[in-house]
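Got a structure here, written out as structure tokens. Questions coming.
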């Protein structure tokens, strides 16, 4: 997901332009032009920070100086300074909310991901936390990047980077087996093929038909474990297993014991809780 | 916030285009072209629905037929059908996730807003729930519209529609009084002027200087109530009071009793919990 | 209306790109590449200059050096040098017309506004000159900013920053009173409410219904004055009065005596007369 | 300058989107959704109408029905109905000002052009009125099209469609002769070459060097006439002569007698006076 | 690579808008408005047609009627009618060249791909023809789609849909082995990993390190065959082998016998020969 | 066709953004951030280079340092270094393919143009090689610029810069004569008028009607020569003659002897063969 800084800047400036509207009437009315100020960006609670790269780019794209005090992925404490920004006061005030919105959302997502990823790591199980495409509308890139920074797997990004056969596709095609076979024939050699199944016999059929990854949809932990064992016994130990649905922060470890490879969690991005971060101006 | 449908369509299609990338390789590999299907969009939990207008526009912007079964703002039950979509299967599958992302986020925000707004209504207090500009990046319009549908006040949209003097402005200007006075002189007659204060004496100074709205930042309920009384006694009963900071679902009613006009809540939009909604294809 | 410089640059570069087409065939045919030249931008008549900020940004956005010799809002004489530009000759020639078009239009608007604003100031009356939304298509931002620089009030910018109930709204709703009442109920606390009326009894009803501003449409000076007196007598002295329609440079002072707050003039922007400004290259 | 309707629609919708901002708060607050209304667009003074095509496209691009009652280029009387629009009231109100801004500016330009073009026609002289590139910023297309509708010549559109060597080019190159010769060598066979001269000897040199068109800059009528005679006598009667600078509505006919081919007038577009046009809703 | 038709329309209209410039001066000067005509699009040589979907969308996006007479992928003869277009003559003429440019390029690419793909098929070898990212600038989507229609594999589309470690990456990392191992650790489970090697020992190391696909760069046919055998013998028969570089229409079959899976050919897209196609208007 | 560098940068960055998709997963997975590298861009075959300006701008637009080692239009040898690029490794790798695609296509077109232009030059004939509008879709600007660099004439760019009456226009209008006459009346004085004819009598009629340029469509060399003589004899020696259709590299000189002014060749741009150019990283 590396994007050259100047391209990322364009994405961010588009968000900023939308936020500003016809202009900042408050800054214009009361802030003198060309007044230089310094501001600090502060965590107001502990967490894993993400979006520092974006925040620095946003600041610099407007001609401000942005200096990161932590790197993306750092664990930060309450009251810790995340970055310093200096430059024209009107510009800085105009940017404040957009910059904080990016930073708090990405940090919130990274924090939640990190917490769960560490839980898994502590159990020593092989499973990885992954995101889904259930993001805030239009924020796929930033939401997924935050998951990555938090130690998760971004999963598929656009609809173009893997074949993922879901329930609705199967409703149309008729069977998991038929769907995977058709996909094998019609898909570029560059793509993996994943398929969603609802029971272990379909999982076995999918593996036989050549699926690279099988998504166990709404499986109980025990059912997931049994399916993993069947596949392994039948010689499909290389097929990756993804658990999706029903997993919460609470039952995560039960699933972790089921010998699956990926645990994907929609709430990481669709119901992200922002990390509390603020910006304070220090007049020079 | 009325936007002609065709303009709204352009906003939504931009989100959609970003989501799709180079194309849907799954639909192409396994779904026959020109296959007509019907799908229903279903609530998977109870709540207040918002984004139905957007979902219908998204569907129709791609040449699908979208029929709303509920209107924005309706209370819906678990398993209730929200809309029906029919048309080309490949197109519908390509749209599914974007449509659900818009609908679940807006419905999640509307549901949270409605819950709190009803709490206030039941106490008979005059205060209204309001949003802030703490939205997901770039989603100001949709997040605010969801608050409105849920019965809240969208508050300021862009930086251009009201003067709002916050802590950082005052740090630069030196005093609340000076800031409000300067704003009165330099601002168009079409704009209201709001100022954030941290104690009741500044609230009084702001009122005297001509502020239309005073934001009580991180006030305790009792402190807010006392401030409202002072202002009223001093003849500034017309000045609107807005509580901001520290308010949660739990202590909301304590603030409601403080005789303020607006209670603004950042978490409505910055930490929105999506409503669970899904799309099911029914092959024709 | 403060917009960060880099955002303003994007607006201006979009205009420039549209102007250039496939490229400048004259510069390419006869001007050597990488030839450094200096140019001056000259007023060819006296007036109030506006658009200097834009002109400097335009020059610098193309890698030229732009140095302002006067600031926006300055009174300039015929033959006065407004700015100096230096850099690559082909680039400078390619920019010439767009830069002058921006500068002459904005200066023309500022000059007309300043002339009328000074007329009012000299009489000592409280009324301010204001713009309307009758601008050249797509030039709302630049036209309004020029009015502001000329000492006028930009009035409402977009449709989102104040409720303004006009004749067509009232035709639909049925009465001024009903319209204002409905607006009071449905509008965010952040917005003012203005309503257009055609006689003094509607003005009074509007004030009673809670309008913040009343637009007296096509009133004679005497009628405006009488209305102001009635409102004041009835305790609505705080309601702002705006005169709109029929006001010309000639009868402006008659209206000024009518004790109104704002006099809005469409011709400032819809029939703006450009200030004559030219660019002269001085070969280095 | 024919542009397919759908491409023109995109240009117009971009202007409209900029005008609307975050949405129309007035229409939302007081106008019921899905209320059908009819409106008429009325001339409030006599003139030549232009922009009817654009107005109909604007209306239809938002799903309204737009019916032209006159065609572009028609002479209209005060109070004449120019078009009828019907459809959703909120949408129509949201469009009103943008539609009128386009229509009044284009009609104003067409009216001024027609008046002067007719003056010339009545004298029987061969000269044609032409526009310049001195338009409102970004409005090149619409301003030039209005001139064309009014019976004028749009002249060069972008910088890419003819070589036009002006004073600043000559300052750099050194002489008219050298500039034209260089241009002849380096320019595509598809382009004409025009050059600006300040006296008749340069006009002759330009013709000898192969210029297709010669612009007589700030010539007195007599001087222009003399130059035309010299060129004709020397065998350059095919070279087109354009008068530019110093021409006003008053002295136009003096120039017309000078046997020139084109009289170009910056004020047609840089200081266009809008035609007074309004929109009246008739509730259904 | 399925893209909803309306999204594809936007891509195509952007190309069209760029082509048109300020407008079609020829159509405007000599073609009456609202004249209905019919045109046929004709192959002027035999080949495999591609871009019919795009051509129909282009026509319909401008309000013309476009009727396909063949489907994408059809073998067509010289003089065969590919589609019929009817509607407004000015619009149709304005579209002609852009439509033909899309259709001839895509058909040229499909024709070349089909010819080579059939050659391979006739030998009965398993290898597939594939495209590379060496397309005309900005035409990745259309060039790859044409390859797909011609029976080839589009290969990786953007930089986001597979890890492809090439010579320059290895120069930086130091060794094929290290590069593949690092990629395995840091890459999402949804992506395949391909690596370019220059000899068979690196191919073996890549396979051991876990590469999914190995690109044999500039291998001689015999060398490729030997490498395939080594990998198979060492138990890496599942790893896909891609031949790249040095393959021409002439030596293709020699490579086909080398037991590789994919033969990728840059010239299919970077040096595509357009299929000769023209448009003829038949006046109604 | 001079375009200011910053405007050209925007065109190029748009192509780049389309190429990158959601990000470069390879660079991210295996290349350390902030690693400085140097790369050289090398010709892999001899030819005429074009696109160096674009390549430098592309590199610098991403914050890399790009240094040209040859200028556009230079004849280069196999293995010659064309430019050097240095900077952040991830960014450079992300840019590699887009930069090479631009450079190889433009150089391929310039090389073919140069070869044919030199052939003509050696015969001493006056005819010039010209491009047509048969380019790759959306690449009009770059394709035409490459022809210019190769020593050809770009011909008409957009549809707005010359009247060009082709077979389809004449089908509609009825006759060449009528078409040219109508065009003379309705076209701006700034435009030339060209018309396509299929025999010498229509050529003569076109000249009499006032065409500036006559395109001899699919004429045999002898027929072209005869037509040139007739026109000259009838006093239309000033009318430019363009040969179009049927001209190949082989028969070019036969046409050159026909005393025509322009020989336009579609294959230069519609079937351009890329020049082989590659980029090699040298780790610092």
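In this document, chain identifiers A, B, C, D, E and F correspond to the written order of the chains, with residue numbering beginning at 1 in each.
Convention: a residue touches a chain if its C-beta (ideal position, glycine included) is under 8 Å from a C-beta of that chain, and two chains touch if they have at least 3 such contacts.
Treat the numbers as computed from the prediction; the structure is a model and nothing was measured.
Chemist: Tell me which of B-F and A-C has more C-beta pairs in contact.
Modeler: Result of the comparison of B-F and A-C: A-C.
Chemist: The C-F interface: which of A-F, A-B or C-D repeats it, judged by over half of the contact pairs being the same residue numbers?
Modeler: A-F
Chemist: On a C-alpha centroid basis, what's the spacing between chain D and chain E, in Å?
Modeler: 45
Chemist: Which whole number of Å gives the spacing of the CA centres of chain A and chain D?
Modeler: The answer is 52 Å.
Chemist: Could you grab the centroid distance between chain E and chain F? Build each centroid from C-alpha atoms only and quote it in angstrom.
Modeler: Inter-chain centre distance comes to 23 Å.
Chemist: Roughly how far is chain B from chain C, centre to centre by C-alpha average, rounded to an integer in Å?
Modeler: Each chain reduced to its C-alpha mean, chain B and chain C end up 32 Å apart.
Chemist: Could you tell me which residues belong to chain C and also touch two or more other chains?
Modeler: Counting only residues that touch two or more other chains, chain C contributes 1, 20-25, 27-28, 31, 94, 140, 157-158, 160-162, 188, 191.
Chemist: Going by the touch rule set out above, what shape does the chain contact graph take here: line, ring, star, complete or other?
Modeler: Looks like everything touches everything, fully connected.
Chemist: Along chain C, where are the residues that touch chain E in the complex?
Modeler: Residues 21-22 of chain C touch chain E in their complex.
Chemist: Given the complex with chain B, which residues does chain C contribute to the contact?
Modeler: Residues in contact with chain B: 1, 128, 130, 153-158, 160-162, 188-192, 194, 213, 240, 242, 261-262.
Chemist: So in the complex, which bits of chain B are touching chain E?
Modeler: That would be residues 13, 16-17, 20-25, 27-28, 31, 61-63, 90-91, 94-95 of chain B.
Chemist: Would you tell me which residues of chain D are touching chain C in their complex?
Modeler: Result: residues 14-15, 18-31, 35, 37, 39, 89, 93-94, 96-98, 100-102, 104-105, 108, 133-140, 142, 157-165, 167-169, 171-173, 179, 182-183, 186-188, 191, 267, 270-274, 279-283 of chain D touch chain C.
Chemist: Can you list the residues on chain F that touch chain C in the complex?
Modeler: 1-7, 10, 140-141, 157-158, 160-161
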